[in-house]
Structures are given as structure tokens and as C-alpha cells.
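Going by the order they are written in, the chains are A, B and C; count residues from 1 in each one.
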Amino acid sequence: MTEPLLQIKGLHKSFGALRATDDVSLTLLPGEIHALIGPNGAGKSTLIAQVAGGLAPNAGQIVFDGVDVTAFGTAARARAGLGRTFQISALAMEFTVLQNAVLGALGASRSVWRFLKPVMRDAEMRAQAEAALDRVGLSDEAQKRTADLSHGQRRLLEVAVALTLAPKAFLMDEPMAGLGAEGSKRMTTFLDSLRADAPILLVEHDMDAVFALADRISVLVYGQIIATGTADEIRANPEVRSAYLGEEVSP
Amino acid sequence: MTTLLLIEQVLNGLQSGIMLFLMAAGLTLIFGVMGLINLAHGSLYMIGAFAAAAVAGATGSFALALMASLAAAAAAGAIVEVTVIRRLYDRDHLDQVLATFALILIFSEGTRWLFGSFPLYLDVPAAFAGPVTLPGGIQYPAYRLLIIAVGLAVAVGLFLLIARTRIGIQIRAGESDREMIGALGVDISRLYTIVFALGAALAGLAGALVGAIQSVQVGMGEPVLILAFVVIVIGGIGSIKGALIGALLVGLTDTLGGVLLPLAFGLFLDPATATSIGSSLASMAIYILMAVVLIYRPTGLYGVAT
Amino acid sequence: MNREGLINASVYLALPVLALAALALDEPFTITLATRAAILALAAVGLNLALGLGGLVSLGHAVFFGLGGYAMGILASHAQSYAPLYDGWFVVEGTKSMPVIWLVAVLSSALAALIIGLLSLRTSGVYFIMITLAFGQMFYYFSISWPAYGGEDGLSIYVRNSFPGLNTLDPIQFFALVFALLSLVLWGMGRIARAPFGLALSAARQNAARVETVGLEPFRLRLVAFVISGAVTGLAGALFADLNRFVSPTMFSWQMSGEFIVFVVLGGIGRLFGPVAGACLFVLLEHTLSGVSEFWLVYVGAILLLVVLFARGGLIGSLAGREVADD
């Protein structure tokens, strides 16, 4: 078995009496898309926040690419190679689309402490940014103000910024959220192609997308992972069906 | 001698802390419920003092003067809320800072226009003019004790208001969830006006009470306002309890620092240098206190992390 | 040149044109007025980096302005009394040389900004506003209660400090010096805004989470911005003290901090020439309205209130429209 890129071991997080994350362990293997699903209130957002670095767990360990990153902040994890996208687009809305992408390239280049040279004239960063925009199909919108983009385009731009970081793994929080049927299909095809770049830990509500994309699926209920397996295994798992799938998806 | 001095200074610290609480309570309520930073709160303090001085001058009654301070500040607060402040709730903090800074200019210069640049004097009521003898033989001005008593009574009243009454429930609801209280059928804009006027009245009362010890003049409100900010930063924004604890801490630190630091430096320095270094450091004591609290609790003692 | 470029050029050129016209008409007071506007503009240009680009509502920039002022006052007063500033293991003399004074002003305000920034940038929003205001007040009261340099009364310097090759007592020469510094700083700020640092800082204002996600630390970006911003305002403080040949605790007052914010917003927040336009407008209002009424600040308050409530974007924003994204 190959060495997992991301390992979450025995993670705990409580808010008062509420155990939002209860002894969660999971792995992300090179080349795979590992989907994390669960009903509302299962603790997905809390878990994601701990993996991304915004929230410190009470106990447990997160190992990324052989390094214990549990004590790292969000920025340090990004520098370690974790490319994150948000459920609600987190973009600099006053910037042009290209500027947002260049910001990603800038983060990756580690050359932020420069005060005189215009960043948008930096050929290398610009090329990186344009290549990422090209991959998600936003080249024609490069000079548009980000605030003027459609919702679907913003989702794509989120992914493009993550791409400029050339991450070792993607952490995606509901990339399909708010996309229409057409948009979801496009995004699904795109994410499928993305696994060649880096594995994806995918939190998603869109079951069609999850079952189409995921190599493995983990089901989170009340802060605990009740099952992990392939799409077929998850579909067949009686515990999952009673806790979750039975109500939302017909097999 | 030194023990007596110390007790007297502790009482002075309590008195200034209680007055700070009246300012800080309004500020923190207004921030907690409406999310507004109000620089013009010091102007309401000034308005209370001027109203009291004017009414006391005309009628000779201190009780009427206090009522006038409450009424004038509450009225000024309500008018400002309806005309200006309510346009600021949805704005960012920068706009709030600027607009309320503009209000300070208007209030201060307007007051100077009306009353002139010379300070007014508000006399301590005759019944409280002398000292009283406290247990232990300490002579202490009766009026300052009165201030402490009135301040404490208002503090208790405020806690009861918020804990027990319908308007208090609405205020607490407003602090935790602004959309929710609208859904509950509470008239939000009326609630906001009431909260703002209440905060203003507290500031005005403080202005009148302190005005009888110090002079009543334009610009008297802003130093107190900034101290009240320090109080809120220490106590935690939005917390009345934090405002009380913070106010007492600041009042005591400020008063005792001014007395004790020069004395402390006097132990190993010559008197002139000790006084100069001691009083300079004392002027910074509360800010150092604030910095220390911030290092350990960036959201204040009773603040909620956001 | 686009419309904003034209407006910027006219704002930029207004001061030297005014100063030269005053020179031709032999009106030295107007030159001094233009110098004052240029110095206040410089202070506000400094603030604009933190406030406009970084979104940090600092109500304590008077700290740096005052430190710059006292750097000048202390050094020059020692030079004028021939008493060394420090006489122990080594001797530190006062100085009347502007470049040295500027250096000390910039370094001391940068250091103060570093310390205040380290403490106050741990917080955000209203806390940040209140804390910067409180630190400003701390310096204010300290300057009042510290008797060595005039305390509440301030400190007078008899002769303006010197700059190699210039007669700084000649109003137009001093104006030229101030304007050259303002131009240099404006050039630098223009570069910073477009540099990698400026892009990241601006992104941190718009969305801190975004910046972290690309591996950058908003705290460090803001701290560096705050330090540069404080240093520039400190430089302006030294010049302001030299203009008046006087320093006092008023330079530390919170009203001063408030006025800097007013300059930035009145002119157009986040725009390179906004603070210049705002400072000029303010000095113009001050000059004309104070002739109309003793209580001219009432009018300033009313104008400011109207601008905040109804004319967001300030002078340049109203004239030039929405900011054009440039490279």
C-alpha cells in the first residue's frame, strides 16, 4: 500500500458538551479522490477547519506529506502544499480575475516582500496565473472584476487560485455548491482530470458528483466516521443507509 | 497617615471607576446591540454636564439639575440616533468613526457657540458639601460617597433591567442574534433608539455628577470617552459585567498609580526625579494594564472570541 | 491619460503652482499655508497605506506624528542650548541638521509602530480602533507629564533647522524641500501599491482567509504596512515641527489622529492622491471658514457628516468614478 499523503489520526474537537469531531481518522492516498459526506450538522465544517488549519483540535494528529502539521496555522499548511477551496467563495472581490490568480502565484513564489517591482508585470507569475485560468476556462474573463463574475465562475476561480499553488493535495469544501446541473457536470469533469495533479479530499453534498468521482467515500455522522469504502461498499452499507443515504439518495 | 491616604485614594479610585462604568456601559451596550462604535458618546457626557450646570444655575436645585442632565442627554441621544446614527448601522467601522467624529466637532463647537469658551461651575449640593467621618476616623467628602452610591445604584438597576425586564430580554436577544429579534416581532428601530437614548442618559448622568467636582467645559467628554474605550477593551466588548470590572480596574489603577508610583520611586531616587518619573509612568499605567490584558486575552476579560 | 490620472496631476500640481504664484505676488503667508498642506498631506499619505490599502482603521497615527515632532524638538533644543543629549560612556549631541533629524524621526516612529502594531494587530475591527486610540492617548499624557521637554507648554525652537545647500528660512525653499519629500514618498507609495507586497496587503484587507490560503500571513503583511505607514507619518511630524518651530503635546492628540483619517477619506480612501486632495481641501476649508466664523469646525463637522453619509469615495472618488483596475 502506498504511503498516504494526508493522515488524520484520532482527531477530537468539542464545543462544550457537543463532540463535533469524535475520534476521526482518515487518510488521503496519492492519486485518489476521497469524498467526505454526511448529513447537515454531522461536523463536516468543523473537520475541514481543523484540516485546513483554522481550528485547533483538542486531541489527535494531522500528518501531511510526512510532516506533523497539527500545530501549523492555515498559511503554513498552504506553504506545506495544501490547496484549499472554500464553500463560500473567498476571493478578493475588488481585484480582477487575473489579479486573484496572480495572488496565488505570488503566494507560491514566496516573494511577497518586494516593494518596488510591479507584480502584474512579473512574467513568471503572470504566466502561472494565466495557465491556471486557462485550465479552468476563465481566460476570457481575466480582466473582469471578480465581483462581476457569476457564481459558477467564482467557484472556478477558487480552483484556479488553488492550482497556481501547485499543491500536493487539494482540500475542497463543496465545490459544487450553488452550481446548476450544467455547472456541476462541468466541475465534475474538471475535478476528474485534476486527480492527475494531486489527490483531493472532497467534502460534497452533491451525491451524483460524489459517486461519479470518489475512489473512496467516508461517511461522517454526529462527528464520527461510521464507514469508509468504495462507492459500492458505501451504497451497500446498512448502517450508512439507515443513518443517512436512505433519506436522501435512492440507490 | 499612609494607610489613611491609601484608603482615601482607594475610595477616589472607586468613584472614578464607577463614573467610567456609566460611560462604558452605554458604549458597550450600543456596540453589543447595534454593532456601532460611537465616538460622540463623550459629547453626550458633556451635554449632560452643561444641562445640569444650566439648570442648577437657573433653579439652584441639584436634583433638578441631575434630572435635566438625564433628559437632555437622552433627548440628544434619541435625536442623533434618528437623524444620523441609524444610517450607520450597516456601514463599516471607518464610516462610523468618521461620522461620529463629525458629530463631536458639531457638538463641541455648537456648545462653545451657545455657552462660550469659559468653563461653567456646578456646585456640589449644600447637604453633601462637607466631609463625613468614616469608621476609622477617615474624613472623606460626602459628595464623592454620594457619587459612588448613585453609580452603584445605577449599575444594579442596569443589571436588573437587562436581566428581568422585557426590554432587557430584547437587548440580550439583539446582542446574540440581530435577525432573530426582527423575526420575533420586536420593533428593531424603536429598540435601537431606546438603547441609544439609555446609553446617552447614563453618559449624561456621569457628566453631571463629575461636573460638580471638576469644571464643566467643552472637550471634557473625550478624555473620559477614551478611558471608557480602555475599559471596554479590558472588559470585553459587549459585556456589561466586563465594563464594570474593567471600569473599577482602570479607576483604581489610574488613581493609585498617580499616588503610589512617585512614592515607590521616592524610595530610591531623589524626590524631584521620583515625582517626575513616577507621575509620567502613572499617566501610562492604565495603558500598560490594557496592553497586558491584550497580550493574554485579545478579546478582553469577558469578551467572546469572534 | 485617463480621468483619474488628470485629476491626480492637477491635485499634485496645485500646491507648487499656488506656492509659485504666492512667490510672484510676494505673499509668504500663502507659501507657508501650502507648506502646511503638503506636510499634512504627507502624514495622511503615510496613514493611507495602513488605512486605505491595508484596511487598518488607526485612530492613533498622531503617535508617530508627535514622535517625529519631538525627535526634531529634542534634538534641536539640545543643539540650541549646547547641552549634550546624553553624556555618559559616550556623548550624544543635539543637531540642527534636517537629514539627521528626519532619520531619527523615521526610526523612532517606526519602532513605536512596530511595538503598537505587535500589540494591536492581534485584534481587529473595533478593538483595533479603540486600542490605537488608547495608545495615542498614552503618548499624549506622557508628553504632558514629562517635564524635561516643556511638558504641557511644549518646546520652542528659535531657528529653523538646516539642510545642506538650502536656506530653509526662505519660505519657498522650505516648501520646495517639503514638496520634494512628498513627491518622493508618493512615488514610493505608488510603487508599493503595485508591488507584490501591495497586492498581498490589499488582498488581506478584502479577504484575510484568501491570503492565508495562498500561504501568506496577514498579520505580518499588516505589521509591515503599519510600520512603514507610521514612519512616513513620523517624517511628516518632524517637518511640521520645523514649519512651526514648535512642538507640543497637541501633536499627539487624538483630534490629530482623527483629522488624518478625515484627510484620507475626504480626498478618497485608498487612492494614491486622495490624502493630498483631502489635506489641501481641509487646509483650504480651515483658512476660508475660520475667516467666516470663530466656530468654523461646526461647518467642517457638517461637511464631513454629509460626505460620509452621501458622498462615499471622497473628492477624487466623486470626480473620477469607480476605481479602474490597473496593472
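Definition applied: contacts are C-beta pairs under 8 Å (C-beta built on N, C-alpha and C of every residue); 3 or more make two chains touch, one makes a residue touch a chain.
The shown structure was predicted, so the numbers you read here are calculated from the model rather than taken from an experiment.
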(Q) Quick check of your reading of the touch definition: is the inter-chain graph here a line, ring, star, complete or other? (A) line
Q. Looking at mean CA positions, which chain is nearest the middle of everything shown?
A. C
Q | Computed distance of Cα centres, chain B from chain A, in Å | A | 49
**Q.** Separation of chain A from chain C, taking each centre as the mean of its C-alpha atoms, in whole Å
**A.** 44
Q. Taking each chain's centre as its mean C-alpha position, how far apart are chain B and chain C in Å?
A. 31
**Q.** Complex contact set, residues of chain A against chain C
**A.** 52-54, 73-76, 78-79, 84, 86, 90-96, 99-100, 102-104, 106-108, 110-122, 143, 145, 161-162, 164-165
**Q.** chain A-touching residues of chain C, taken from the complex the two chains share
**A.** 188, 191-192, 194-200, 202-203, 206-207, 209-217, 221, 224, 323, 325, 327
Q: Please give the residue numbers of chain B that touch chain C in the complex, ascending.
A: 31, 37, 39, 84, 87, 93-95, 97-99, 101-106, 108-110, 112-113, 222-223, 226, 229-230, 232-233, 237, 276, 279-280, 282-284, 287, 290-291, 294-295, 298-300, 306
Q. For chain C, which residues count as touching chain B in their complex?
A. 51, 57, 59, 119-120, 122-123, 125-127, 129-131, 133-135, 137-138, 141-142, 144-148, 254, 258, 261-262, 265, 269, 295-298, 300-302, 304-305, 308-309, 312
